[in-house]
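Labels run A, B, C, D, E and F following the written order; every chain starts at residue 1.
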Amino acid sequence: MATVPLPADAQADPRVKAVFDDIRATRKTDFINNLWRALAFDPPLLERTWADVKALMATPTLIDPLTKEMVYLAVSIANACSYCVHSHTAAARAKGMSEAQHAELLAIVTLAARTNHLANGLQVPIDDAFDAARPS
Amino acid sequence: MATVPLPADAQADPRVKAVFDDIRATRKTDFINNLWRALAFDPPLLERTWADVKALMATPTLIDPLTKEMVYLAVSIANACSYCVHSHTAAARAKGMSEAQHAELLAIVTLAARTNHLANGLQVPIDDAFDAARPS
Amino acid sequence: MATVPLPADAQADPRVKAVFDDIRATRKTDFINNLWRALAFDPPLLERTWADVKALMATPTLIDPLTKEMVYLAVSIANACSYCVHSHTAAARAKGMSEAQHAELLAIVTLAARTNHLANGLQVPIDDAFDAARPS
Amino acid sequence: MATVPLPADAQADPRVKAVFDDIRATRKTDFINNLWRALAFDPPLLERTWADVKALMATPTLIDPLTKEMVYLAVSIANACSYCVHSHTAAARAKGMSEAQHAELLAIVTLAARTNHLANGLQVPIDDAFDAARPS
Amino acid sequence: MATVPLPADAQADPRVKAVFDDIRATRKTDFINNLWRALAFDPPLLERTWADVKALMATPTLIDPLTKEMVYLAVSIANACSYCVHSHTAAARAKGMSEAQHAELLAIVTLAARTNHLANGLQVPIDDAFDAARPS
Amino acid sequence: MATVPLPADAQADPRVKAVFDDIRATRKTDFINNLWRALAFDPPLLERTWADVKALMATPTLIDPLTKEMVYLAVSIANACSYCVHSHTAAARAKGMSEAQHAELLAIVTLAARTNHLANGLQVPIDDAFDAARPS
């Protein structure tokens, strides 16, 4: 199911085809996953989304590729996005995440969730020492 | 403000004092931040929480310390925990996060939030290729 | 799957039948979607929920019907409610949302998600100018 | 700060005064907390909100009053509503929640948050045995 | 689907078998639901998670077993964890939750969600009376 | 408080000054709110964020400006972003939102939150009729 069509012939639109071709070239695979197929219903939204994902996730930056995927996956878990959890677990594995690292990542995410709920339950005042905007 | 008292003499309780002493020794600082002071209202909860945070975040494991803090911070942002965002930004800085890495981390978190909301809006079906439980 | 039964003969209960009849009359369709069928397990909860949805969403009010549906859909996306995203995308379409408006709505929702996570990450202090409760 | 005015003379409006009087009579206290003062900017919204809160939380129902407050507080923590966490912690205390029960409640909420994030990370398929809508 | 394998022979690992045996003995049933089967991919994570769930949810504590399950379920709903909503609705039923109590629980959760969003929309300042950390 | 500095002389950086000048020109006001001041710690992040906000929120598009602000505000409430709720309530007012429309918007947001939690609690199967990707 989806809230937009997933037409088999999306690439008949040249703007869609151009993005799909770039996804294939960038990722070195013929596989186009459903998020991009769904976005084909609006080529400008497809283009902007892929351009931003490519620039940050498929291009060398300060933070190493596996760490970036692990951060992305962690946020996707916290935001309860089923699709994103699946796609970014696969992406993290493709970038080298071992089973043991996967388990540890889940342990960190669940520990954070636990103390997030604890601090929200306690409504603890923020320590002055944490204020980066204070005059030093 | 807080939903529990933050007594100045929490360490009069020997179980609280033992945890606070371990926090100080582990972190090599005299500073005890307010989350731990607030948890002093229930020593068993304080002990269990600190034991688990220490085991994962203050002990060498598979994932390097800075990556662990960045994942923790990312989850705290997604869960809208103000206290945790402050404390784990400070922790990530203490473990070496530069301003440029901080900015990039925020860029990853916000990109994930964006595609999380996009995939949740599109309700895209999950690709079979992502199913780690499928027979191969 | 569901956490309550979805019996085919729910309308054997006259309170359930009365609500279903009102849904059909109000929406001018024979179709009763699964949320209402599931709520039939508790007629008072069904009655109260439908009464409030009808009063706000199926009755002329200050805000026009399509805008109301777009706001409803936006909240459902942010709250990761799959069922609601599907049902309110369909409702927004029924009230005239075009494909291009749908794409723009998703662009707004994802931009908001992005700056929500950014502001939560930065923990920016709220400007005095935004305080509606301040003496003028 | 607030996004609506909190005028000192809100009760000059007779609809607002009637609700405030009912809050005072129901709760047997002169104290009107800020949520109700803020809602005074729109008397119909104030009336509907109070009517529903009163019917469920200030009236005997199937579930006992303290359990109801603990459930309310748990949801408020998960939804990161600072104001609600404060007001419903106070309400739960007023209905008899001890410090030890408060600590245990936080332990349950944080355990749930932990397994919520774990199951969302694992994307475990739902067991057929849990389907209440299956034919028996 | 899942992000980790769900092997049929998970219990070939003696650490996994020990946990599964303990789950069966504690719950007095042969049924092992999928969350535990999925966690078998990392025995230490399986062991720690079960130990903590057992200690709080399957052991007598201050709060009665049904209330604990209702709180757990409420948090799982708010965190949009489909799997957990299914498993803890079943667990609450097994501990005696009637259909009418289920309906009332949903009514409380949805009322809390409503005022959570209302208070977050109004950004009401927290009343001094709610501050448990204030000097008395 | 903030997790990054809010220096008074941020505009000493010409890239920051250029963005601030564009904000002032676009919004026809000298006021620069704190989110932009905080983003000055990383000029590229500031530039990209402002460019995207400007393109969608400060430029005529398909959806009218007030509806766009109401959708943005609704998402910000659901995501529990205090800063964003304040800033976008102010923006919606600046674009003509009346007190009565504000109250109605809050009513829609809270009704959505209520049925979001209800549907997540019931785990209702999605009706085939809602599937936009089905063959017609």
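Basically, a contact is a pair of C-beta atoms (placed from the backbone, for glycine too) under 8 Å apart; a residue touches a chain by one contact, two chains touch by 3 or more.
For clarity, every value in this text was computed on a predicted model and none was experimentally measured.
Here A-D and A-C are compared, and the pair linked by more C-beta contacts is A-D. Superposing the C-alpha atoms of subunit B onto subunit F requires a rotation of 120 degrees, rounded to the nearest 5. When the contact pairs of C-D are matched by residue number across B-F, A-B or A-F, over half of them reappear in A-F. Our note on geometry: subunit C versus subunit E, Cα centroid distance of 26 Å, whole angstroms. One simple way to say how far apart two chains are is to compare their mean CA positions; for subunit E and subunit F this gives 33 Å. For the pair subunit B and subunit E, the distance between mean C-alpha positions equals 21 Å. With touch defined as above, residues shared between interfaces to two or more other chains in subunit C number as follows: 1-4, 6, 38, 75, 77-82, 85-86, 89, 100, 106-107, 109, 111, 113-118, 120-123, 125-126, 130-133.
Subunit A contributes residues 1-6, 38, 126, 130-134 to its touches with subunit F in the complex.
Those residues of subunit A that touch subunit C in the complex are listed here as 1, 3-4, 41-42, 44-45, 75, 79-82, 133. The touching residues of subunit D, when paired with subunit B in their complex, are 80, 85-86, 89, 99-100, 102-103, 106-107, 117, 125.
In the complex of the two chains, the subunit C residues touching subunit B come out as 73, 77-78, 80, 82, 85-86, 89, 106, 109-111, 113-118, 120-123. Within the complex formed with subunit C, the residues of subunit F that make contact are 1-4, 6, 31, 33-35, 37-39, 49, 52-53, 56-57, 61-63, 67-68, 70-72, 74-84, 86-90, 98, 100-101, 104-105, 107-109, 111-127, 129-132.
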